[in-house]
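Okay, so here's the structure we're looking at.
Labels run A, B, C, D, E and F following the written order; every chain starts at residue 1.
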Amino acid sequence: MRSSTKFTTGAVAGLGMIGLTSPALAATDAETAFIFNSLSFLMHGFLVMWMAAGFAMLEAGLVRTKNTTMQCLKNIALYSTAGILFYLVGYNLMYMDVSGFIGSFAIWGADDPGITDAGFTEGDYASGSDWFFQMVFVAATASIVSGTVAERVKLWPFLIFCVFLTGIIYPIQGSWSWGGGWLSEMGFSDFAGSSIVHSVGGWAALAGAIVIGARKGKYTDDGKINPMPGANMPLATLGTFILWMGWFGFNGGSQLAMGTAADVAAIASIYINTNLAAAGGVIAAMILTQVLYKKVDLTMALNGALGGLVSITAEPLAPAPGLAIIIGAIGGVLVVFAVPLLDKLKIDDVVGAISVHLVAGVWGTLAVVLSGADIVAQVTGIVAIGAFTFIASLIVWLVLKMVIGVRIDEEGEEMGLDRAECGMEAYPEFGTGSQRM
Amino acid sequence: MRSSTKFTTGAVAGLGMIGLTSPALAATDAETAFIFNSLSFLMHGFLVMWMAAGFAMLEAGLVRTKNTTMQCLKNIALYSTAGILFYLVGYNLMYMDVSGFIGSFAIWGADDPGITDAGFTEGDYASGSDWFFQMVFVAATASIVSGTVAERVKLWPFLIFCVFLTGIIYPIQGSWSWGGGWLSEMGFSDFAGSSIVHSVGGWAALAGAIVIGARKGKYTDDGKINPMPGANMPLATLGTFILWMGWFGFNGGSQLAMGTAADVAAIASIYINTNLAAAGGVIAAMILTQVLYKKVDLTMALNGALGGLVSITAEPLAPAPGLAIIIGAIGGVLVVFAVPLLDKLKIDDVVGAISVHLVAGVWGTLAVVLSGADIVAQVTGIVAIGAFTFIASLIVWLVLKMVIGVRIDEEGEEMGLDRAECGMEAYPEFGTGSQRM
Amino acid sequence: MRSSTKFTTGAVAGLGMIGLTSPALAATDAETAFIFNSLSFLMHGFLVMWMAAGFAMLEAGLVRTKNTTMQCLKNIALYSTAGILFYLVGYNLMYMDVSGFIGSFAIWGADDPGITDAGFTEGDYASGSDWFFQMVFVAATASIVSGTVAERVKLWPFLIFCVFLTGIIYPIQGSWSWGGGWLSEMGFSDFAGSSIVHSVGGWAALAGAIVIGARKGKYTDDGKINPMPGANMPLATLGTFILWMGWFGFNGGSQLAMGTAADVAAIASIYINTNLAAAGGVIAAMILTQVLYKKVDLTMALNGALGGLVSITAEPLAPAPGLAIIIGAIGGVLVVFAVPLLDKLKIDDVVGAISVHLVAGVWGTLAVVLSGADIVAQVTGIVAIGAFTFIASLIVWLVLKMVIGVRIDEEGEEMGLDRAECGMEAYPEFGTGSQRM
Amino acid sequence: MKLVMAVIKPFKLDEVRESLTGLGVQGLTISEVKGFGRQKGQTEIYRGAEYSVNFLPKVKVEVAVSDEQVDAVVEAVQKAGNTGRIGDGKIFVMDLEKAVRIRTGESGEEAL
Amino acid sequence: MKLVMAVIKPFKLDEVRESLTGLGVQGLTISEVKGFGRQKGQTEIYRGAEYSVNFLPKVKVEVAVSDEQVDAVVEAVQKAGNTGRIGDGKIFVMDLEKAVRIRTGESGEEAL
Amino acid sequence: MKLVMAVIKPFKLDEVRESLTGLGVQGLTISEVKGFGRQKGQTEIYRGAEYSVNFLPKVKVEVAVSDEQVDAVVEAVQKAGNTGRIGDGKIFVMDLEKAVRIRTGESGEEAL
């Protein structure tokens, strides 16, 4: 479990927890605390699991109809892959016997010595509850990638990339901080993963977008950008609401405990800040697009919510609510500027995932400095995690490109991945669907 | 927090809680109770937050395609606005130092004196958990309005209305009852807000519908009603299921405690009654539309579920399950009759929100009399809350109308708010979308 | 409550619970355990309730547009019916004074003698929390049927079938095992209901499909199968994700307790196995359709997830995670083969519910043998439950067919149930909808 | 007989239909089309990038009429479909050699 | 050459297509249209308010044929599209001056 | 005047439109159609059962032109719409008796 993160960033709560066990008169007993802590992992874990549906709906709404079946398929497949890989390799690589730069290669197994046939003797939480909570995080990382490279990456190469991302790349960099490795020793602080989860997804997505290239026709030779509007706005909205809901689990559960009054009060603060940062991101993105474009762009408002959420994720506990609104609003503003900037660089990010998760993720990690983190440690973490993830991802994408190819052929891209790779239309009776008449 | 409500309407449970702390042998200790109470606020709070998505989907499904992007945007924007305003003004206006008719103007701040570095000393729940739970309620009120005035109200004036509704109007009337003001002293009982939340939303919506007027072409001069069918029934169904799920949080969390066996048993009863009232509303609406129209109207069944839920909200604990079914069924029946009645009055309520939240809300508040509430107090509450909210809303809407205008121009209404104000189609490849060929 | 199941299949945890209450030093007190146990029922219960939305979306996505409104209506109606019937008859028939083969006819009422005005004295959980949890299970059974017989069964006959299924058939067979009847005494083990819930739904669906017959044009006389593709793939995907999420409640809550460290650790293991079995089902179905058909069929991947989930439901606790993946993967494989097989037998199952819930349900019940269950007891249970449910369902369907007819007339089937029985299009502005121009 | 084919603005459909039934026209067939012409589409912005919509939604009305009716029909459509603003559309008239009512097999003007 | 344009009931499409291919017709083009005529739409009720649907879904079949084939084609469509109930639709025949196959540039009857 | 009606592959629409505007054509009307012809649809598999899609998506382009322009227009469409692969579609030319601009009431070639 993320032990060292706890001590680094959750210091107040952490101390609280130790202190709180002493006054016997009113204190929670050890087994009750064990249950609360485990329950927090489980409840918040199912909320984070739900984010997989959020990513699926967001992305299914932002691609064109001809690639929608594929986008759904990729999302359920990557969530499945992430779970299996994190079990086979990832968890132990990230958390077991971390030497500083890497954990150990082994299949995960539950370990609760404190629960015996004679009853409970000691322990902080059920080891399985922690595993479950960590597992749903790694899936989020892979979801980020799928949005960026949508509409042209082939199914199986994409899933193979996810195998490496969730089994190797994510866990190794995760071991540096949450696993108790060198970054955590340096004082790097990333409460729930603005960098460790979100920017990692963003870097992997960026590497993918570069290797795979833009969708055919997205950028014309004369420098024009040719928008390819998403097919289903309510679906994208639903996805955003799901993610917003899931984020209470993402950030709230990252308190890693609920067995004391101080812990549950901390979770309450985290919920509030998480919610208000998202709200700040929405309002900022709306005002900004109104000013810039004279119309309010819904997809930017949705991205703004996510930008706000990613921004507060590195430190959702310490800031006062007012500061959380501001941190989130800045996240929303960054997203609105980053999206067209990436287009100018001809980096084709279908759903804005790089802007949301990488750009706002970096901002969020820096913003921890406002709550007292060491700027050098933060920058070191951002750079180290970014460099490692980007380079490792680039290598995997390039090898895949050379060996089996990562991109659908032109004809398949034209007809859409749904017919080319799935043989199945997403909406056969709508639009130009084959089943209309 | 809603202290006085607790004593007024949750009397049995409240007494239980006091009594239960004495028998030392088996009782939950104070810190454990603190955690349970806070957890109830948080868990039920995220369920109520989820209702924001429910309203968004319900409304997105019941408007026409050309206004769907806007409806999604309004919903995520109002939820964001409500949170920020409740933080800046609303909470303290509703709950802090309520003098009888109003609280105080101040920014909210967490206050948990019982949690110190030395550990937990005393307290009922984390103050932030209560804030979070109360905040998601106010958002529901604003969501109700957005459904009624859909398809013609302009974005920014609508959001400004939400600022007043969530920052001022809702909190002031809320201070009278949940804030411990004059209505609560009178014995007015509204457990989870049939009046305080739902009818308030309904009154504000009614004022809006009157000031803004009906959609162009909805009512012809010869008295004919011209239906404008909602564009996406599965979305409306999803929204209803989300709201139903969220309502367990809405009503269950309004027990305001989970730290004793009696409290958790009360929450269980509330879940059961909430569920069965909704079920009663569905079945009643289905049978009634079959009898009246020879066909079963899905949108009425969905509205029936919501009518049942609103009806039971004023007292979801005391009734036996059988009575809950009946209360809900009457709610469903009222909705089926109220919808065409409003049309006859040329009050154009796009999604039926006035019928569901105002009409069934009044009924639900009256139905508390069946569980022993004082009829005079109930009627006083209904009238006072209604008169204040309706007049205050009317003023805000009228001022907005005069100053900046609240309604899109005819051409914009014809082409749809999505293109007129968002420049973005909800379904560009479906129907007559621009991206089909 | 499912007392005997607990002792049969949750033996380790059950013993643990007894043992754990003795060591006074660190143990949860009785009231705290009561709250935890009740909370588990409530929290897991709302997750299972959410599955009703999952079935609705899955089925709404897999039918054609002209039957989508009806599919939404049936799902919200059956969920409502199931709750009311389980209250009026079902619960007591299943759990009260079970004589071996049947409980008693009586309306359910909460019974918590351990909670008095003087406080908590004794008890394991709030009786209402248990009722709520059991109620949402029976709704799942009815949902399964609605998917199979979609697109041709009339509304009211279908709902009358649901009355019998949820009020009589399900509770009677349930009394044999979870009610403590003869099957449980024999040692039949079905932790969360691979047979008791899922295969029961599957058998009832199979009887329905046989009595009602295939959709017009599905099977041509020359033996050709004429696919009728589902209209909305993202909706079907959303439904699957909702079901997946809800399944943590379905299986996790079936631990029936959370008041000890051992229980919460068991729930954690159940979450993990549930998740990994679904993942195994997805990956297996994807690889298999790629190999068989050279394309990856999204609907099969979705069915694969559900097949994996159903497979692990009979024993989600005991297997190691690796075994859970394999059990789920086999479930996914079975589904991929069962779907075309049923088509060959001209059994028209619109959404694949028989393959998912019956076939994988039988497999899952057999797979408990891998965790030590007695094969004779398992086979006896599968056969007894299957025979009873299938025959009883067949009788109800046949009587309905004779008395009021179960199938829409040809013209109505051609124009779709939405217009024929609801007078309401699901997507009036899309495809060939009436509101397009 | 003649086939009159008109391309009009979608929101003018009801008026056009009513003016035609006013002339005694018993039936007509419409379809959704997109038009390119002097009227240009709005420029939209999607996620910061501009684009223009070249083809605008129009409705095509096809009505078969007798030779005597054709002038009145053309005039009625022209009047009812007119807003005076660019993009109102066109009316085209073609010769119709034969018309058959599928239900009865009748042909010629009785079939209309 | 002639252009035969038929407006038929949607569920008759397969039968019409089969009867045409039976005559040796090699290709045809269909589109979704809505028809207004003697057949009236059902009256529906939405949330308590009645409304009638004026335009009913139909399918338009367009097929270019040689002058010799035209009578057989019209007859085939009339037979296959017939249910005997109101709303079966119409067949219109127009003169076709020229036909070109885009792929090869062939024109005239070879292009069909 | 003539009415040129072309059935083309959807992704060729932009090229066809550009080549027509290159000739000075000011307007045209398009619609979504489905074509049946020599080009056969892919066989798909849905949940283990094979099916073939008979009708393939095409775009119909209708453009009214003056008699002088017609040959150039047909040639332009044939060139721009050509991929050389089966299913490229057809061009049909019909006589147009009258054209009216709804906005102004102008008729004849000025109306185009």
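In this section, a residue touches a chain if its C-beta (ideal position, glycine included) is under 8 Å from a C-beta of that chain, and two chains touch if they have at least 3 such contacts.
On a predicted model such as this, the values are computed, not experimentally measured, just so you know.
*Asks:* Keeping to the contact definition above, tell me which chains border both subunit A and subunit D.
*Replies:* Output, common partners of subunit A and subunit D: B, C, E, F.
*Asks:* Which whole number of Å gives the spacing of the CA centres of subunit A and subunit E?
*Replies:* It comes to 53 Å between the two C-alpha centres.
*Asks:* Taking the mean of the CA coordinates per chain, how far is subunit A from subunit F in Å?
*Replies:* Chain centres of subunit A and subunit F, defined by C-alpha means, are spaced 47 Å apart.
*Asks:* How many angstrom between the C-alpha centroids of subunit F and subunit E?
*Replies:* Roughly 18 Å, centre to centre.
*Asks:* Could you tell me which residues belong to subunit F and also touch two or more other chains?
*Replies:* 10, 30-32, 34, 45-46, 55, 94-95
*Asks:* Where in subunit C do residues touch two or more other chains at once?
*Replies:* 29, 32, 43, 229, 232, 238, 293, 295, 297, 299, 423-424, 427, 430-432, 436-437
*Asks:* In graph terms, nodes being chains and edges touches, is this line, ring, star, complete or other?
*Replies:* complete
*Asks:* Please name which positions on subunit D make contact with subunit C in the complex.
*Replies:* 10, 13, 30, 32, 59
*Asks:* Provide the residue numbers of subunit A that touch subunit E in the complex, in ascending order.
*Replies:* 436-437
*Asks:* Mind pulling up the subunit C residues that touch subunit F in the complex?
*Replies:* The contact residues of subunit C facing subunit F are 225-227, 229, 292-293, 295, 297, 299-300, 336, 339-340, 343, 352.
*Asks:* Provide the residue numbers of subunit D that touch subunit B in the complex, in ascending order.
*Replies:* 10-11, 32, 34, 41-42, 44-46, 53, 55, 57
*Asks:* What residues of subunit B sit close enough to touch subunit D in their complex?
*Replies:* Residue positions touching the partner: 414, 419, 423-424, 432, 434, 437.
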